[in-house]
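Presented sequentially are two complexes of chain A, the first with chain B as partner and the second with chain C.
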Partner chain A sequence: MSRIEEVLRYIRRSRRLKISLLLAPPIIFLAIWFYAPFLILGLYSFNMINIYREIVFTPSLEHYTRVLSWTGAINIYLRSLYFAGLTVILCLLIGYPAAYYISFKMKKYKDVFIILFIIPFWVSFLLRTYAMMNLLDERGLLNTMLMSLGAINTPLKIMYTDVAVILVMVYDYLVMMVLPLYANLEKLDRTLLEAASTLGAGPIRTFIKVTLPLSMPGIMAGFLLVFIPAVGEFVVPELVGGPNNYMVGNIIYEIFMGARHWWIGSAFSMLFIAFILSLVIVYIRKIGERGLAL
Partner chain B sequence: MSIFLKVFVIMVFIFLYSPIAVMVLFSFNESKSLGVFTNFSLKWYEKILANPHVWSGLYNSLWVAAVVTVVSIILGLMMALVVTRYNFSGRSILESIILIPIIIPEIAEALSLMVMYIFLNIPMGPMTVIIGHIAFDISYVTVVMRARMIGYDKSVEEAARTLGANEFQTFIRITLPMLYPAILASGLLAFTLSFDDLIKTLFTTGPGFRTLPLIIWSSAARGGVSPELNSLSSFALSISFLFAIFRLRAEKGAGR
Partner chain C sequence: MSELYSVELENIVKRFGNVVAVDNVNLKIKENEFFSLIGPSGCGKTTTLRIVAGLEEPDEGVVKLHGKDVTDVPTHKRNIGMVFQHLALFPHMNVFENIAFGLKMKKFPKEEIKRKVREILEIVKLEGLEMRRINQLSGGQQQRVALARALVIEPSVLLLDEPLGALDLKIRQHMMVELKNIQRKVETTFIYVTHDQTEAMTMSDRIAIMKDGRIQQIGTPLQIYYRPVNTFVASFIGEAVNLIEGDVKEDGFMETRLGLVYCPESEIKGKAAIMLRPEVLEIGNKLKDLDNILNGVVQAVIFKGSYVEYRIEVEGTSFIIHKHGVTNTEKIYPVGSRVEIGWKRESSLLIPLD
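Our next item is the complex of A and B:
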């Protein structure tokens, strides 16, 4: 009994021991179930695991060179960047005026409208995607309405095209752009705008010279919060895109589950993760960690 | 100028709400049509609620999320306590360790975990799903808790210590009750993340173990849109809304 008390007293006194004891369970959990899988992926990608699932020392870069010399893969990579980039731009074009209007033009009920903006995003990502499938379907409400209004004669084929993938991604990620923008615009010092107009700048000039530059941190945070999940998107192209609209996530999935080539799949994943992490590191270096706080 | 902006914002709201509204509306449609509403009917709901797979999926989702929430809260609380209370070398490394699971796309995370399960011959089933969910929920819990702990008043703890409470008593009777809003908010987030998760579950589940999102995913991927799936999705949506309302109330409580 007294021995236990002695140990407890020792723990109480040592700060370092306290920190280690608190950190050990979560860190060990993450090390085993989050970081170790990437270590195994790394071993696969450098050809250090053979087909019998044994770790062998035969390091080589052949899988990386195969991925990098495979034009089909490069094209899918570029397509993902293009889809994600377009999604970000559209989210910005739709989200900025909305955030601006709620923050600057509304006097009462600001909070109500921001909540109204967030409510559709309480619904899970999968359900939102499915709800859009419903609307865009060839037999869906959009086509039925347009045809009965006489706007079109044959139903629009939106599903299983690039347009569907981008439209659904914009729908799914819009809130990730609007929230950081709104938070940024709310913090913007209104006296600066008054000063600009006192000094003779019109509303458009004030917007371009004052509001827009000051809201850059919000735009950058929104960019990152939309771009990162969008570039790694898997569900949306799988559900509303065809085989011609595949993105990185889908091709990695195909290599692992369809072709069962874990070595190439690992190399592809490692390159993709390196790309995402370098993007975030550049962002943190340039803007700081604050923008990432969720 | 202002009127254009107003019309634009109204259109954005229509864009946000119409897909969900249409889905819910057509789940009550009597005919199989997705474009014309004929008559109000509950027959699709009767059909899905009579399906035992739906109930077992819901049950699986709920108990997995409950276990994930409890474990994530405990592990996340340990991490958040260290991050907010102590200054030590290697802090920035710890911050990166916490942030990386939030940054890396889920598909890469899920596939790598699946690769490890197969590499180590771990049979996949409910346990592997739970582990996968916890592995990325810890980070979210830590981030939310840390944000909530910033205004924490340490002097109350010191007062308890001065009045003769030992460290354990102080933690149970002072620290935990004061952290209750932070724990509630991050716990509800962890629950929602796990309850809604598709990708991690898809790759780490074993034969026969399906959650609600998995059922919706496989029927959407196989058969596309159908009135039956509309009613199942609306059913799932009402559960999500229930949790969201809880979360909003918890956040209000924490704000006070």
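Our next item is the complex of A and C:
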């Protein structure tokens, strides 16, 4: 047996080696492009990089205390949470009935309707947002239409408000809610619903007692897929929101690129990451457990 | 005054597209009867059961429960119980919650739910497992939970759709006896769908055999085994059957490819078949006192424990014979040996051919 064959055989047989070979590329990739920059961010926030971009051992919490003593920061965190929370709830309220209807009530063309949800996603995120700006503008399609129909006399002021931010975010993220929900509902064993009906449960109670609890994993996945990007949203409030609708992403951008204060920016980011991470952990513990335990 | 039936199906027709799944089925199932619907897959037995449950709407016909027309009543208002083929236990609930589900839907008070669940767990022998999750139970235990869940609501009829299909042989045999015992204990009408005739024969008071959406015969296990109305029932029921086709010449005689054969006297004229169960045939060298004796050659011998199965060829026709009560000192005819087979005309049955 040749030396190469021997090595190949060893690789084939060693489970641990096989797993590490498979996992190495993504981990190395993430290490270079995510974990290393993240570490640098951490160093900045603890004041361990000086203005000459050298690593120095002068750790301090001064940047954190400065962020925390700024009341505006809390407001921005809360506003981000509010925007993302509202987006996620609206996505769920719109997405669940849609996914439910397609999965349970449609016999043909299920794929067609799911693709209809996916198609907007093929258009660039920026283009979609610009398109929405055109629709919602004071002299945009929506207002022109409503005015020519005589429904309103003065144009609705939607652009540069909370409403615009939420509307565009829901539009942008809806598919992230619909897809996991649909996949989850498709997997749901229909005989469970039949079983419930033979046990005297009508359609509504069957939904509450069987369908809804069993679709918790889908709701969870959808929630995280919408909430995490939404809470860090940067483009939408920048383009369709007014100065009062700034979210964390916009502030971070301002601190880094406007004020060029990398230390405060880093501390601000780190605090927000910790905040969101703890929320997600609580969420998974509280609601997720039941969903994941299936 | 007509007798009150637990379940009545009148002229039920169900089509799926161009396929007629259930074709004009009429059934009357008595109170507390263990009734089985059997037939090959695709014969419409499960669809018929689902129509009784209200999970499937018939295109034509009437469904009655206890004399009341329920054709348009939705499943959850029919007060039926059902055990599904794959059990359909709720994976997000434990044993207690699964069984209590129906009682909660019917708004029983908490204490009564607890008592009833405890009672039914005793009947299905699952005491102490209330808090287990479904995936922590064995196949047989899950089976019992499904049964308990359906029975605890005291349904007017319990529908079972191949509930033992997923179990292995030993547990299945055990559950068959158990099911019959439970049925006696709870005094409920059971409708049992299966493709396994052994299950049906073991437990049923009466059996309906279906083929291509139509009922072929309804009768007790004994009736359908020894008095099948057609060759389909004859071959579907029982481990094996011998059918000799021919022409009934006059009362008691039939012209077959094996020559003139004595057959039982009956009304049947023209094309018919003689049915012989494998255990009524005799095998030997110098057979006496039999109406029909044929010469054949042993093609195969299979020792099956409590009996020996012979396959014997007589002029191009193969016969299956089961010889019971074989002792180890007795001679077993080896493959290739010439033997006689024979039977008395009254142990055979004449079946008309269409």
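To be clear about the criterion, the second predicted complex is superposed on the first by the 241 of 294 C-alpha atoms of A that agree within 3 Å, B and C clash if a C-alpha of one lies under 4 Å from a C-alpha of the other, contacts with A are read in each partner's own complex, and residues count from 1 in each chain.
The rule we apply is simple: contacts are C-beta pairs under 8 Å (C-beta built on N, C-alpha and C of every residue); 3 or more make two chains touch, one makes a residue touch a chain.
All figures in this text were calculated on a predicted structure; none of them were measured in a lab.
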Review point. Touching A:A201 in the superposition: chain B (first), chain C (second), both, neither?
Key: second
**Study point:** Winner by number of chain A residues touched, once chain B and chain C are compared
**Key:** B
Review point. First (chain B), second (chain C), both or neither: which does A:L239 touch?
Key: first
Exercise for review: Tell me which partner A:D189 touches in the superposition: chain B (first), chain C (second), both or neither.
Suggested key: second
Exercise for review: Have a look at where A:R3 lands relative to chain B and chain C in the superposition and call it first, second, both or neither.
Suggested key: neither
Check your understanding: Touching A:P26 in the superposition: chain B (first), chain C (second), both, neither?
Key -> first
**Study point:** Touching partner for A:R13 - first (chain B), second (chain C), both, neither
**Key:** neither
Practice item. Return the residues of chain A at which the contacts from chain B and from chain C coincide. Key: 294
Review point. Contact residues on chain A for chain B in the complex?
Key: 12, 15-16, 19, 22-23, 25-27, 29-30, 33-34, 36-38, 40-41, 44, 49, 53, 94, 97-98, 100-102, 105, 116-117, 119-120, 122-128, 130-135, 137, 139-141, 143-145, 171, 174, 203, 228-229, 231-232, 234-235, 238-239, 249, 252-253, 256, 262, 265-266, 269, 272-273, 276-277, 280, 289, 292-294
Review point. Can you name the residues of chain C that touch chain A in the complex?
Key: 53-55, 74-77, 79-82, 84, 86, 88-92, 101-102, 105-106, 149-150, 153, 159
Revision key, fill the gap. Per the touch rule, the chain A residues reaching chain C in their complex are 189, 191-192, 194-202, 205, 209-210, 213-214, 290, 294
Revision key, fill the gap. In the complex, chain B touches chain A at residues 1-2, 5-6, 8-9, 12-13, 15-20, 22-23, 26, 33-36, 74-76, 78-79, 81-82, 86, 88, 94-95, 97, 99-109, 111-116, 118-119, 131-132, 134-136, 138, 140, 142-144, 147, 167, 195-196, 198-199, 213, 216-217, 220-221, 224-225, 229-230, 233, 236-237, 240-241, 243-244
